[in-house]
Amino acid sequence: MKFSLVVHSSPISQQSAATAFRFAKTALEAGHEIFRVFYYGDGVLVANSQIAPPQDEINLPEMWQALAKQYDIDLVVCIAAAVKRGVLDDNEAKRYEKDAANLAAGFELSGLGQLAEAIALSDRVITFGA
Amino acid sequence: MTLHLLNKSPQSMSLYSNMLASLSDNDSILLIEDGAYGALSAHNKIFKSLPDTVSLFVLRADTEARGLSERVSALFEVIDDNQFVELTCQNVKVVSWY
Amino acid sequence: MSDKKSILIINQSAPYGSNKARESLDVALTCAIFEMPVSLLFIGDGVLQLLNGQQPEALQTKKHEAMLTALPMYDIDCLYVTSSDLKQHGLQSEDLAVPVKIVEQKQIASLIQQHDTVLTY
Amino acid sequence: MTLHLLNKSPQSMSLYSNMLASLSDNDSILLIEDGAYGALSAHNKIFKSLPDTVSLFVLRADTEARGLSERVSALFEVIDDNQFVELTCQNVKVVSWY
Amino acid sequence: MSDKKSILIINQSAPYGSNKARESLDVALTCAIFEMPVSLLFIGDGVLQLLNGQQPEALQTKKHEAMLTALPMYDIDCLYVTSSDLKQHGLQSEDLAVPVKIVEQKQIASLIQQHDTVLTY
Amino acid sequence: MKFSLVVHSSPISQQSAATAFRFAKTALEAGHEIFRVFYYGDGVLVANSQIAPPQDEINLPEMWQALAKQYDIDLVVCIAAAVKRGVLDDNEAKRYEKDAANLAAGFELSGLGQLAEAIALSDRVITFGA
C-alpha cells in the first residue's frame, strides 16, 4: 500500500506529531511504502535545524531524518507555512535577507502542489492534526 | 468503508458528535492519543446508539501511557500500531477528527 | 498527475481564532488548480466562516469572507453546510456571505462516500 | 472581584461550564477572539442562570472581525481595547479560560 | 523577591496529548522554589493527569504520574480535584496516583478568591 | 498599574498572540507599565529571527521589538521552551553545537524564575493562551 501522511502538529507541543512518526515506521517495517510526508501548519517546525530537544526526550527531527534515509521517503515542508514560522532553506534565507538557512538536512521546502500530488498518487492519505 | 481516527477526549463533545454523524455502516472508529479516554466505560453512552456494523478500536500505546490498560470498556478492541496500519489498509479512506 | 481524485474538505474551525480555516482554503485552491474536484463541507464552528459582514481590520489580518467569495473563480462551487449547525448559532441562509447548499446532518456520510479523499481542518 | 477572559466558541462547552462554576458575585466575563461567538443571541442560555451582579462584556475588535457587530445579544456590553485594559485594573485578578 | 504571592494553578488538560500538563507542573515547581505558596486545582480533563498506572514508555516521554508524586518534595501538597469531574470519567479516589482533596464544584470560586494569582493550563 | 503578560500562543497559528500585543500597546498608551512579557510554550516562536511573515500580514516579532524599544519592556523568552523549539541565543547555540544564534534582537532567553518574579512584582498577570 502506498501512503502519504500530512502532519499538522508541532513536534514539541502535541503528541500527534509523534503518532505520525510511529505510524510511518510501523507501515514501512510492514513492507508498505510512504510516498511522502507533507508537513503543514505548525508541523513544519520539525524541520528547524536549531531544535535541541532535551537528551532524555523524543527527538522527532532526528528520527524522521534517519527513517527517510533508511527508506528513501520524501519529507516535504510547506514553504509558505515554513517561511512564516522561520524555517528557511538557502534560497529563502537569501530572499528574505536572513543570515543563514536553518532547514534541517533531509527535509525539502516546497509548495502545496506537493500535497495535491501526494493525494493524487497515494492509496491512502492520513492526516495527523492537533 | 471509512476509518475514523479521533484524538481528543470526550470533552470535545462536538467533535464526537460530528464524527458520529459522519458514520456509514461498516465504518470503523479508532481512538488515539487523548481520544483513548473515550474508551473509559463512563463514556460508553457516546457509542451506545451505533449500529453493530461499526467497529470500535483504541490504540494500545495510548491506553497504556494514560493508565487505561485495566479500564478500557468492553465495547473497544485494543490494537497495536501494526493493527492500526492494517486498519488503514482495510478501509478505503481515513478521516481524521482532531 | 495520473489521477483526478475528488476531495472533500471538512471545515470545523471558526475563522480568525486560529489559522486552520485559512489553511483549508489554501489547500482547496491548490487542489482546484491541479484540476481535482473539490467540495467544502462546513460543520460545527466551521459554519461561522460563512458569516457575512466580517471586518477584521483591527486584527490586521485577511478577510476570510473575501477568500470564500473568490472560490468560484477557481471552480470551487460545491459548498455544503448542515442546517443543524446553522441553527445552533441562530443563523439562516441570509446571514451567509456566499451561496451554499444546506444539507441535513445525515447527508455527511454520503458526502464522505462520494469523494475519494477527505481532509479535515 | 475577578475578570474572566474566555477565548473559545461555545463549542468548548466544558470550558464554559468550568468558567461558570468559578464565578463569584461581582465578577466580570469578557469574551475575546473566538469567544465572541458566545455573544450571539442563540447562546444566551449559557449565561441565563448567572446572578445580576455578574457583568458580561465582549471585545469590539473580535465582534467586528467575525461579522457579529449587528448580532450581539443585549446581555453583553461591547467594549474596546481601552475598556479591556480598564477592566483588568478594576478587577483584582484575571483568570484566562482558553 | 519583595512579596510572597500565593498561586492557584488550574489544570484543565489531559496529559500526553499536549504538553500543557507538563508546562503547568514546571511553573508550579518554579514558583515553589521561589517560596511562593502553590495550590493545584484539577478540573475537567485535568483530573486525568492524576490517574494511576501510567506507562508511557511507547511514547518515549516522561511519566506524568512520576512528576506529580514529586510535588510534595517541593512543598506542594495542596492538590484539589472536583468530585463532579472525577465522576464524569467514572473515577474514584482509589484510581488516583497521589493524595488529593476532593472538593465540590462550587468551591472553585473560593479557591480563586483565596489566592493572589491564578494561572490556567 | 504594573502588568505582566504571559503569552502561550504561536504568533503565526493563533490570534491570541496578537491580542496580547494589542493589550500591551493599549495599556502602555494609557500610561500603565508593562513590567515583563514572558513567552512560554509555542509563544516563544515570536523570538525566532528567521521568521519572514508575508508583507501584507501582521508581523508580531517586529511589532514587539518596536514596542519594547519605545517603552523599555522586558521581553523574556522561556529558555527551556525556546531551546526545544529551535530558538537559540549565542550561548545556547554554542552549547548545542548549532551554527548560529537565531534569537531576535530585543528578546532575552531566561528561566521560569523570571515568570515567578513577574508574578511577585506585578499588580496583574494576564495569560494569553490557545
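Per-chain numbering from 1; labels A, B, C, D, E and F assigned in written order.
Here is the rule we go by: a residue touches a chain if its C-beta (ideal position, glycine included) is under 8 Å from a C-beta of that chain, and two chains touch if they have at least 3 such contacts.
Quick caveat: nothing in here was measured; it's all calculated off a predicted structure.
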item: Where chain A and chain E overlap in contact partners, by chain label; value: B, F
item: Chains touching both chain E and chain F, listed by label; value: A, D
item: Farthest chain (mean CA position) relative to chain C; value: E
item: Fraction-based call for chain F against chain A, same above half, different below; value: same
item: Chain pair with more C-beta contacts, B-E versus D-E; value: B-E
item: Where chain B and chain D are represented by their mean Cα positions, the distance between them in whole Å; value: 34
item: Distance between the centres, which are taken as Cα means, of chain C and chain B, whole angstrom; value: 26
item: Centre distance in Å when chain A and chain F are each reduced to the mean of their C-alpha atoms; value: 26
item: For chain B, residues contacting two or more additional chains; value: 7, 11, 14, 33-34, 61, 93-94, 96, 98
item: Per-residue overlap in chain F, given as positions that touch at least 2 other chains; value: 12-13, 15-16, 22, 41, 57, 80, 125, 127, 129-130
item: Residues within chain C bordering two or more other chains; value: 16-19, 44-45, 58-59, 61, 117, 120
item: Touch-based graph of the chains, sorted into line, ring, star, complete or other; value: other
item: Contacting chain pairs - touch in the sense defined above; value: A-B, A-C, A-E, A-F, B-C, B-D, B-E, C-D, C-F, D-E, D-F, E-F
item: Residue numbers on chain C that touch chain B, as the complex places them; value: 10, 12, 43-45, 105-106, 108-110, 112-113, 116-118, 120
item: In the complex, chain E residues that touch chain B; value: 14-18, 44-45, 48, 51-59, 61, 65, 88-91, 95, 97
item: Chain B to chain A touching residues, read off their complex; value: 5, 7, 32-34, 61, 81-82, 84-86, 88-89, 93-94, 96, 98
item: Residue numbers on chain D that touch chain E, as the complex places them; value: 2, 14-15, 18, 21-24, 93-98
item: Contacting residues of chain E [partner chain A, same complex]; value: 16-19, 58-62
